[in-house]
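For reference, chains read A, B, C and D in written order, and residue numbers begin at 1 within each chain.
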């Protein structure tokens, strides 16, 4: 087999997946569990019924949105670890807008629409803060983002237990749920909101188009690969880096808005559900390709949903899904390195 | 120490960088290594000093065959190398740089080291402050530090890889004196260069490399044509001078003052006429780069005005300057000029100002292919720029220049290129001048400056000379000014 | 000084000790030019594993060794993938940060809320009776004393010894260290693994000492690793400043609860998250001098003002090891 | 067993907010489930633990309850106040499924949040008594007169529990020890959540230490995790005489018996048996129960909803006095009786007035004499 061929690359991807499965099996054996049984429950738990598949999609929507946004920052060479906070602020802004407008007499559809817009704005503003710190203050986006993640959680908890607390109580269950007419309508008897699905699909398509063959996408890539040179070639690099943050923030904010309007119907303490970090993992796997991102995000969401069966059927903790997701990315990175070493490509 | 290299081979991918090199260097002599860019000189020296390993071949020191696999081995055998770009630690102090790498106990004996450092400085007439931070030193001083450090470590073989690129004529004189003293002290000196006059003035023997092969060894008296013939396999003529300037003023500097962390440039007035070429000479770090960057809007002046085509551009940024037809071409091609990972075609698309949302791949490829033909770039529209050779990268950079242009600012436009490529590049640049584009460029190669400039500005510690007419200036005169002599008549 | 406050501050020192270990470990790793982003996962995994081993063997020492070993192992993965395989350190470290966390929760499930051994304070005779300092420093457990040695030792090693000089050298300019005889990649492996072991020790320092026990997701340790990373930066890659940063961080937390009843109109979250805006502010101060717009703005100022401000900014500046995150290749 | 007769096979599903093995709130429910299986032949428990937004991202308890239905469950137990909305939503969506919600108030006709649902039953133990007993044990033990209360986040429930502990402490301090109530220092410090989140909440370890360092020698825990006990144990190991009172789980003292004065705990088993049995028999009906201990024997596993296990560290004297206190409570002593002021000095209960369940359940402020924040800062 030709060492530089596409199939050689695929072989190593396959090897990485195999290793990840072996690793997960090893972990399962360590926990004194039967790996085959566990994998079976993971699969059945995710795809066993139509309802399950729809549940996977419920989880896919915010993950896909966050991942799609992260493709902008990844393309621009930025490690937007602050995406968790951006999702959170999206949710906070959505909640604020809903609270503000719920008694305004506006039609509910319009209120939801405005609230989702507010969510996008919230995410974008929070992301811009990371961007401004990075671009105009020299604060590495990893550390700026990390710090702002903590701040965003504190803001959420403060709001939930302080100004937005439910009458009397104040609890982890979050703010007062919004009335039914302010929920995004769901599909039949399922938990899936078609509107949020449409939003995610549109988002993926938009990112695909933007990054594929446009001036915008090319400039963003140029900024990501060599910002100095891109600047000298005439690309307004700061503006593009800011734009990457801003766009990522919009998508992250939308993910947060979906969490509020289609999943929890309120603000809860861990509203981001870890989709930001998970999205970073997905984005690492897919090499800037939005379509792949959608597929991998679907697989990761399936693991999340499938893993609910583990405690139920095998008394195992559901965090196995995180172990599988992480080991998959880890081995893909490692095998990629091994392949490059073998082919002598740097 | 007698050094003998036998049948050394080294490949980098498909490049045969050293092809069966056999060379004998006796103790107490200065051996010159001459060759055009990319001939394989540095590669051989890196092999001898353990930085990289040969694919095959033998090294013999004083008659014994040795294996050198790391720099640590080389140091143990008494081989020290001064690398082409100084490999030292700018954020550390001079004395820390001196000590770092010296073997010994857990705690370095600093006071002892300082004393020995001062002794060595005294011996060779260097003036270095052990407590200064390295980043405040000039390139020449850093070379001096490296030399005494290597001697302190007990180097018996001293390799100097192109030590004269970044230093002034004065410093060069001093360096040569030192090297001659060292040779008298029975050290073996290996002096690598592609500058004929350096080799001619210093070396007891010269080995000439061409395309990875050792093509000849020459002893004094040297005949320049013979060396050139060996280096390039043919005689090279640089072409003749031609003044392309017009009377029309493209860019005007009024009372320009600039400053960065290290130096100040004050009150410069200059008029750049259309089609004119201005060369900036000076030791590296004397202010040329600062000045060039200011001309591009990359560095904001403290006071004064930059007027382009009658428009005051003071305080504007680079992209505003670009809109007025000014472009900056950096020296570090892959770090600042081109974008590794993107193809030539994508570079062409990036460099052009085209409205629209989607890229028209077809026409962009056609445009790129046109440029590839025009600039003789060895590569295709889909080639990634990092896969091009250095010379082709430079051609690509020129191909990316927009037209029309008022002013092109170039940093070391031919650094790292062989003479043929350099001549070709300049012919292209001169074509630009004929299209009324002015050029301001930096070079550490005085010949290049004299050959291609119409006027020359010399920089020394932030001082800027009046424009000197190239046609009536000599290398010697420039060398003096660069070294800080003869400035009275300029102030 | 008021005895209560002193004891409180002594508690701050104890609480900060694991963070001191983690941030100094990370400092050492980063000084060698490698970013190990996995700390958050490492600490959780080693807290769990150290606890599990101590419960099963009854040996605290084995628990701590397990922590160090696993920390070293995780770091070795980062080292292997970044040094040998030339993959992105940030990517690999980040993945490990997430994966090790979930691994800890998954494998640690049987140990949830099991009671196990823990370390108790051992006041140092004589020293403990020194006024003020005795209470503050010398009525602690043995790990805290170790942390004093670590702070001083790491600072001495880094800034006064020959290998320390080389350590700084390989982070600044690996090629230059290489030509001086240093085996750059081997040293990078060594320091990454060593630093990882220290980060790894932080885990059992919680589960076997400061926050004795393992409680799965409610152990209250998720986030510590990120904080330690932040403190490494805040400390400008100096062990002493990293230790100071750790103490400062825990001090603010302590202040938050001490002041809770007197400052009732300030939400308690404010002081808890205060370290993060402060970290960002610190990063801003040390970096803003490099920002292009600042340079441009300065250039337009009158000379005196410009020199004043740029001098100030320069004195604040602290730059990371120049080759941080950059792989070294000699061919 | 007798219950098996006539009953059909019933699978009941339990949603636990924390780990099933947390030796705390969630395990108390889990153990109650085991108890049901044992007492009611023909019943089987299926459960899902860590049902909270952080551990099970992207889903809600009502959706997870569907997973239990898929396992054949025909009765669902929601075990946390945080699942309030989910319990209601689920009950609305599945009107034929009996839903038991521990600690909610939606089926309380007189409550603030009544939802008229036929299939939702709220059950809660009157932990107020457990906390009063805990407070009493603390007051009887403290030498410094300082008691620390490690509070989670501030809400109605946590306020009333902290206040109950205070009431118990103050009563025993004045009535049995004959001391001046003004000399009893009772301080509440809230960490901001049910457990520690670094960088977000206060660190309960630090809070416990701070109590101990500033002179409190008994720390009463109101949070999900055991920091109070652990830190008291450490302090004791270095020679200090300090004690702690954990929370929620019957055997919680085992973690550090030498410093444990006892633990107030929930015993959900009996009420679950009753409710699930009624479901089994098809007689399930909505209702609200706020169950007092079985005063005949508060530690009777088959009858008492709330109990208090005395710890090894409680002195014999104190234990005897504590029994006396429990006896008084059993015979009708009501500490929620005026004159009682709120922390800000305003009147809560006039002289002789006793509080209604409503007033206690929705306690808006801490009581006079307690130190600490009453409401979250805005």
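Everything below uses one rule, namely that a contact is a pair of C-beta atoms (placed from the backbone, for glycine too) under 8 Å apart; a residue touches a chain by one contact, two chains touch by 3 or more.
For clarity, every value in this text was computed on a predicted model and none was experimentally measured.
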- Note on the structure: Two candidates, A-D and C-D; the one with more touching C-beta pairs is C-D
- If you average the CA atoms of subunit C and of subunit D, how far apart do the two points sit, in angstrom? 38
- Averaging C-alpha coordinates per chain, one finds the centres of subunit A and subunit C separated by a number of Å equal to 28
- Compute the distance, rounded to whole Å, between the mean C-alpha positions of subunit A and subunit B. 47
- For subunit A, residues that touch 2 or more chains besides their own: 150, 154, 157-158, 162, 317
- Note on the structure: Multi-chain contacts in subunit C, i.e. residues touching at least two other chains, fall at 109, 216, 223, 226, 267, 269, 272-273, 276
- Which residues does subunit D have that touch at least 2 chains other than itself? 50, 54-55, 192, 194, 197, 199-201, 376-378
- Item | Which chain pairs touch, all of them | A-B, A-C, A-D, B-C, C-D
- For subunit C, which residues count as touching subunit A in their complex? 37, 77, 80-81, 84-88, 90-92, 94-96, 98-103, 105-107, 109, 216, 223, 226, 229-230, 233, 267, 269-270, 272-273, 276-277, 279-280, 283-284, 287-288, 290-291, 293
- In the complex, the residues of subunit D that touch subunit A are 46-50, 52-60, 63-64, 66-68, 71, 81-86, 112, 153-157, 192-194, 197, 199-201, 362, 376-378
- Where on subunit A is subunit D touching in the complex? 51, 55, 58-59, 62, 150, 153-154, 157-158, 161-163, 165, 167-174, 177, 191, 259, 263-264, 266, 268-271, 273-275, 301, 304-305, 308-309, 311-312, 317-318
- Hey, which residues of subunit D end up touching subunit C in the complex? 18-19, 21-24, 27, 50, 54-55, 187, 189-192, 194-207, 209-210, 213-215, 224-227, 230, 234, 237-238, 254-256, 371-373, 376-378
- Per the touch rule above, subunit C residues touching subunit D in the complex are 4, 7-8, 11, 15, 109, 112-113, 115, 118, 120-121, 123, 139, 210-213, 215-224, 226-227, 250, 253-254, 256-258, 260-261, 264-269, 272-273, 275-276
